[in-house]
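Listed after this line are the structures, all set down as structure tokens.
Okay, so subunit A shows up in both of these, paired with subunit B first and subunit C after.
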Partner chain A sequence: MMSRFPRSVNVGLLGGFVIIYLTAVGMIEAFYDRPIITGYLQFSVALMILNYLFTGYMAAKPSKDGAAPKPISAGMIAGLTAGALVGFFVLGMTVLAELGYNPRDMFVSINPASLDILSFGQTAALAVPIQALLGAVMGLAGGYLFQTAKEARSYVLVGLATLMIAALGAPLFAVMMDGLNIPSRWLFDRDGLTIAGAIVVVAGSVGIKWYFNRISFAETVAKVPGVTKKNTNLVLWAITGVVLLMLPWVVNTFISDVLGTVGLYILLGLGLNIVVGYAGLLDLGYVAFFAVGAYSIAVLTARSSFLVGGSVTAPAATGFMNFWVALPLTVVIAAIVGVLIGAPVLRLRGDYLAIVTLGFGEIIRTLVLSDWLKPYLGGPQGLTEVPSVPLGPLPARDPRILYYVIFAFVVLSYFVAIRLKNSRVGRAWAAMREDEDVAEGMGISVIKYKILAFVMGAAVGSLGGAFFAAKLSVANPGSFTLLVSINVLAVVVLGGMGSIPGVVVGSLVLVGLPELLREFGEFRLHIYGGILVAIMLLKPEGLIPDARRARELHRDNPEKLPDPILAEAGGLSE
Partner chain B sequence: MTHLLELNGVSKRFGGVQAVNKVDFYADPGEIVGVIGPNGAGKTTLFNVVTGFYAPDEGTMIFDGHNISGLKPNALTRLGMARTFQSVRLFDAMTVLENAMVGRHTRTRAGVWGALSRSKRTIEEEHHIQAEAEKALSFFGNRLTGRENEMASDLAYADRRRLEIARAMVTGPKLMLLDEPAAGMNPAEKDGLIEQIGRLRDEQGFSIVLIEHDMPVIKGLCDRVVALDHGEKIAEGDYDSVASNPQVIEAYLGKAAASREASL
Partner chain C sequence: MIERLPVRRIILIVLSLLIAYGVIAGTVATLQTGRFSTADWVSLFTAGVARGSVYAIIALGYTLVYGILFIINFAHGEVFMAGTFTAFFIAQALAGQGILNEYPIPSLVLLFVVSSVVSMAVAVILERVAYRPLRGAPRLVPLITAIGAALFLQYTFRGFYGAQVRAYPNIDILQGNVTIAGFSVQKAQVLVTIGAIILWFSLYMVIERTKLGRAMRAVGEDREIAALMGINVDRTIVSTFAIGGVLAGAAGILFVQLFNSVFFFMGFFPGIKAFTAAVLGGIGSISGAAVGGLVLGILEAVGPILFLTGFGIPSPNQLQPIISFGILVLVLIFRPGGLFGVPDEERA
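The block that comes next holds the complex of A and B.
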């Protein structure tokens, strides 16, 4: 598209609109209460600064048609434009309000308080020069940042990112440090960092990056006496394991609980990854297996009673079975349901398969809600009093203990996923995903391997359901909506289809992050959506892509490819 | 003597189109049979019927003593039939080695338990699969060997065709059906291909049926040639007798020769 303005002005206008948008949705006002450096820098001001910096940086980038602007002047022009736009916005809104057309009538958040923040407490007329100056300076810095060497730039980015993460996670980190009896007062002040804290965080992160730039983490570990080249990997895994095992005792119970939920989604994600990632069968009704797992464990172990026709009746199917006996049964039941769902969709491909599986997800939910199964599954109320995971004398309701149980099963499923992938079965699935006809022509029974994919996916996913029911002590239809299917699919796609570590990272980002962002209240989903869009734009192949998928998406740009012989692909030569 | 593959009166219709009409066909052990005919003559449809991609509407098909009518492609691969495709169809996002290894699927057994336990037997089987795959790749000298970890999509066109043949070799076939193996190759590559297909028969002992438009390839390779037109067999015999058959010339060679002249 051609435009009459130079590109830097266009970028600047976009940058300005970002701030106006943030104001209109109320973030600027709400985030003014949130300090980055307590007493000196508020989060909303930091957002403005970072936005102008980013605007300048983007303006300095060569455009797609190859025209390379002069970075510094382009950055400054973009920043100036953005700032001026924001300034005139403040002025315009104030004038409108004076004239009696109050913008608040439409946008609640375009109010004197937020406009005051944008004009830094000065009159509206002064907002224009103030914002323009701020924009120009930061835009210039952004342009300069683009011009500097890549390495120097990465230090700045790491420093800034660490500062923001440390400040936004301040309450969390403070609690963690208190838990470890490390003094934290000098670092954190209320919800933000102290001046000293900010300096330490930035200097520390840059220092660590500098150190590991010269010598990688693995090499550092290899230098420790007793660690040989052979067992470096083992030591790295051991360190990761110890950190993960210590985690519940470092963080508070709330975070442990969140980690437990993340673990459940990892289980679900690993299961769906087999169906979608390995075998290429787009299943939009994966929640069915989650529900089957939860209801199976509930029916087998729960001591439920609920109202049927006005009187309290005990459901027919109260098993009182021990959880550990019920769990393998649950997996078997889910595997059977996997066959039942897999069989009718064998002849379907692509979009048609997706639609039909979507229907199956809904069928399971409707069945659970039905009067027909109410005596067994409790209808809309579901099954209650599902006992927690029995662990002898240990308090099983403690999220920290449950974290370990879920962790153990995540490790188990992770192992299953890796082994399946690097096997004759995994190869058959991959071939089927690539070209179903040819796979059949090469001797692979497409019917058998489609059903097998559903069975394995169901078995792994049902573990997630079982622990979900045991964790919440209920299984009710409200937990098994289409949204769960979509969330799990998002976990798989975001992490990178077919990638096993991708599932873990995807769960942390999509399930863990929103829980931690809870304090941002009404903006939680807003930020979550923004992050999602940004990741899919910047890394469409997923955060930790499978080597094969990355090939498909970056065929025209081999530089962006990861090493094709990743550890995962090398699993055969054992 | 009994034929390795024997078709009697095989027909296939698509709506009103009679793609294959009462074709009798056979291939003997150690034989190279060429199938020729103009575009739309029903050659590829015949292949698809033989290899189980389409079920025949009528007729009988015997392969290696088995009645194969209505069998699925994977069952036929198991019986010892392997094929390549007219438009090369590799598993593009898998490596060269993995593509070849998939071919061994039907001759191996490891399932989920084998994959999870990685027992001695599974590991030995994986080694066997890899060895078979590498052996097949090495059939084409250094064209594929040494590139095992490259993505199939990154191979040059002729090498993609070679990999498709290698993948078919790994299935351990008795009969190999090649659908236009020389398409898109330059003359030097074609000469190499003629030599390689000959070796497939002489060294590996495969019977081969190939569809080909390229007459030098047919002439250089085939013990017997079958010509199809409009789904019917119009001629059969050695190259010279088929090539001089007036019906064939009218249906195919005249047109093809003319178009070849024009395109050169």
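The block that comes next holds the complex of A and C.
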């Protein structure tokens, strides 16, 4: 990057622009409603503070050409620059509005409310010194953080991260504690933490980290009577299982419902992971199978499919079927659709395949929406009155039913996914993904295995669709947009393509969190887009990488293997 | 050993027979109903030509980037949206002052400039932030990045300018019809088609006659050799994105003359369709983009009514996406190199 300014100033300007961007897209204003420490610190203010801290930290880092700045002064200068930029932005926008050119006419979120948050309720003129001071102090802290020992830094990071998680998850944790009859008022106040809560959370997390720094986690577990080194994993799994089975009785219906949605996405993610992660086929039309599953179950079980649009054209053989009878049929239908879609297009190379599958997703949605198929599929309003899943003594429409059913199928699919990965089929997929021609040369029937991947993905996806329709009691085209495909893709990519635990983490982070943090709802897709880009740029193997996939993705990463010819030539022609 | 049943080939043959039957039978049946006059068909056709011209210009952006980097810039539709949406505010301000109708030509020029500059800036930033660090990474990686970037750009502009659909102000002199060869054609459609021809021709001259064009072709042929020949590869790639952005921004102003509304998601479908056009004509080929755009535009406008009405399918225009995506799928299956490209086993 060529610039006349010193590097710390450049980093600072970038840091300032981040805040201006967040303001312009409306995040600063929306997140102001969310407390971190109730009455003292709002989430958007915390974002500003963390941004300045990060800016200072980044400025203190040695640059790529090896020039190491003085950490503390570089951090402070960067923070000061960032803060001053934000301050002048507030001032400039306010002056502009006074002159009659209201920035709000174009940028809807650059409005008095958000500018007021940036100037901490003071006049616009005071925004410059306030922000500059805040930026300088936090930038200095960031520079200092860079300078301190790595261990001390990790304590600070753990403390901050736990504080943010505890605060953002406050409503969830409070409800869970109430459910278990543990007093929670002293920790949580409405949506945020109390001051005492914040201190307890930070001190607790730092203490726990300090404890496990001395004794490893596995050793601690092994000290519990009856646990040997061999069965440690088994015991941990068993505890997790029991907790998960108990969960719906502890939390309220809303959270039960959210957990059901997370499970649904785990299921979908496991299915797509077979296609994208194992076989390396980028399917952007995964929603097609989801829709096929939902509509199949609706046609087979719904009472309304006779009456849609006032016509009685639906075949008399459908409807009134029990969910558990209809489910295997649904999976078979989806598998057939998988073959029909897959067979003609699987010869295509990766990026073409992506677009074609996207096309199929849109074709299915268009068909479902059309007047042509309305007598069968209900057009825009879809099929209604899909009965819920019958399960033992639990009353119909109890969200716990779906929780348990989805839980069971997730466990099943999880197990199948693990077994599949290391099977002959899984190894064939891996070979095909790494080099199709070589795999074919080794005697792997590429088309056969590609279709198999597609069919397995379709089957799992249709299960998800069936549960979804039973859960909402409708199947309508509004639920089957491209965004579902992209959500599932984001889940798989964030966790790590080909990584099975990654899917679980991806769903919890991308589906669970936004459901709980309602202020995020509006920005969900915005953040998904950012995450997809960031993951691909920084860590293409995902949060919990699959070892083999990680090696493939770094095989010819230009970051790790600079291209000498290009670097040379670029320099020569300057 | 018994020869394996060629399942794929059988599926393909059955598929092509079915489609051929559908198209022919549908066309004959529709024409027999006699519900549409010649004038109706002509107006559908001209609408298709105008729409196809816009697709062709957007398609150039896909084709240029693909020709040089071999990646599909999935976010190109958003580049198109960014410029068009931003220029909307200029158009609104001009219309508010009455300038838009008083001086329509300078106003249009201003709109073209604003839209092109914004789109170009977005395209260049996109290349710098999202694609450059990933050069040489496995194919899947830049593609997922592109999808992420598309989503990010859509919602960034949603955050900036709001979620509602805005009506682009009309220019009075472009309303109404003119008579060409005895048929009445909308003025806007004529303007859009002529504008697209000018844009396409300028690009053609840039690629064929300028040093930059030669550098772009060289980098597309072989990046390393081009670098050895003293071409600044990075700069050439940025220029390619910039040119694609300028064209997308300009195409946006043409687009709103036909469709009159802007919102943050407006780039998605034109983007996909322009991509289809690029593939249809043979991705990487400049002339292919033009032909692909026109063919797709005409098929989209005429196709649903011509092929489907005869079967008594209600509201055939609803099924229009099936025509465009169907074409994409069929081209990729039967002629992956596009109508004019060479079938290239390695690429497809």
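Note that in this section the second predicted complex is superposed on the first by the 440 of 574 C-alpha atoms of A that agree within 3 Å, B and C clash if a C-alpha of one lies under 4 Å from a C-alpha of the other, contacts with A are read in each partner's own complex, and residues count from 1 in each chain.
Definition applied: a residue touches a chain if its C-beta (ideal position, glycine included) is under 8 Å from a C-beta of that chain, and two chains touch if they have at least 3 such contacts.
Small disclaimer: the values here were computed from a predicted structure and weren't measured.
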Query: Between subunit B (first) and subunit C (second), which, if any, makes contact with A:Y352: first, second, both or neither?
result: second
Task: For A:E151, select first, second, both or neither according to whether it touches subunit B, subunit C, the two together, or no partner.
output: neither
- request: State whether A:L537 touches subunit B only (first), subunit C only (second), both chains, or neither.
  value: second
- prompt: Of the two partner chains, subunit B (first) and subunit C (second), which one does A:W372 touch, if any: first, second, both, or neither?
  reply: second
Query: Between subunit B (first) and subunit C (second), which does A:M442 come into contact with in this model arrangement: first, second, both, or neither?
result: first
- prompt: Is A:G26 touching the first partner subunit B, the second partner subunit C, both, or neither of them?
  reply: second
Task: Could you look at A:D178 and tell me whether it touches subunit B, subunit C, both or neither (first, second, both, neither)?
output: neither
Partner touching more residues of subunit A, whether subunit B or subunit C: C
- request: Go through the superposed model and pick first if A:M106 touches only subunit B, second if only subunit C, both, or neither.
  value: second
Message: Under the contact rule defined above, give the subunit A residues that sit at the interface with subunit B and also at the interface with subunit C.
response: 552, 555, 565, 569, 572-574
Field: Complex contacts: residues of subunit A adjacent to subunit B
entry: 416, 419-420, 422-428, 430-431, 434-435, 437-446, 452, 456, 548-549, 551-552, 555, 564-565, 569, 572-574
Field: Residues of subunit B defined as touching subunit A within the complex
entry: 51, 53, 72-74, 77-78, 83, 85, 89-95, 98, 101-103, 105-108, 110-112, 114-116, 118, 122-123, 125-126, 129-130, 149-151, 153, 167, 171
- prompt: Which of the residues in subunit A come into contact with subunit C in the complex?
  reply: 21, 24-27, 105-109, 276, 280, 282, 284, 343-345, 347-352, 354-356, 358-360, 362-363, 366-367, 369-372, 447, 486, 489-490, 493, 497, 523, 525-526, 528-537, 540, 552-553, 555-559, 561, 563, 565-566, 568-570, 572-574
- prompt: Which of the residues in subunit C end up touching subunit A in this complex?
  reply: 7-8, 11-12, 15, 71-72, 89, 129-130, 133-145, 147-156, 158-162, 223-224, 227-228, 230-234, 272, 275, 279, 313-315, 318-319, 321-322, 325-326, 328-329, 332-333, 336, 347-348
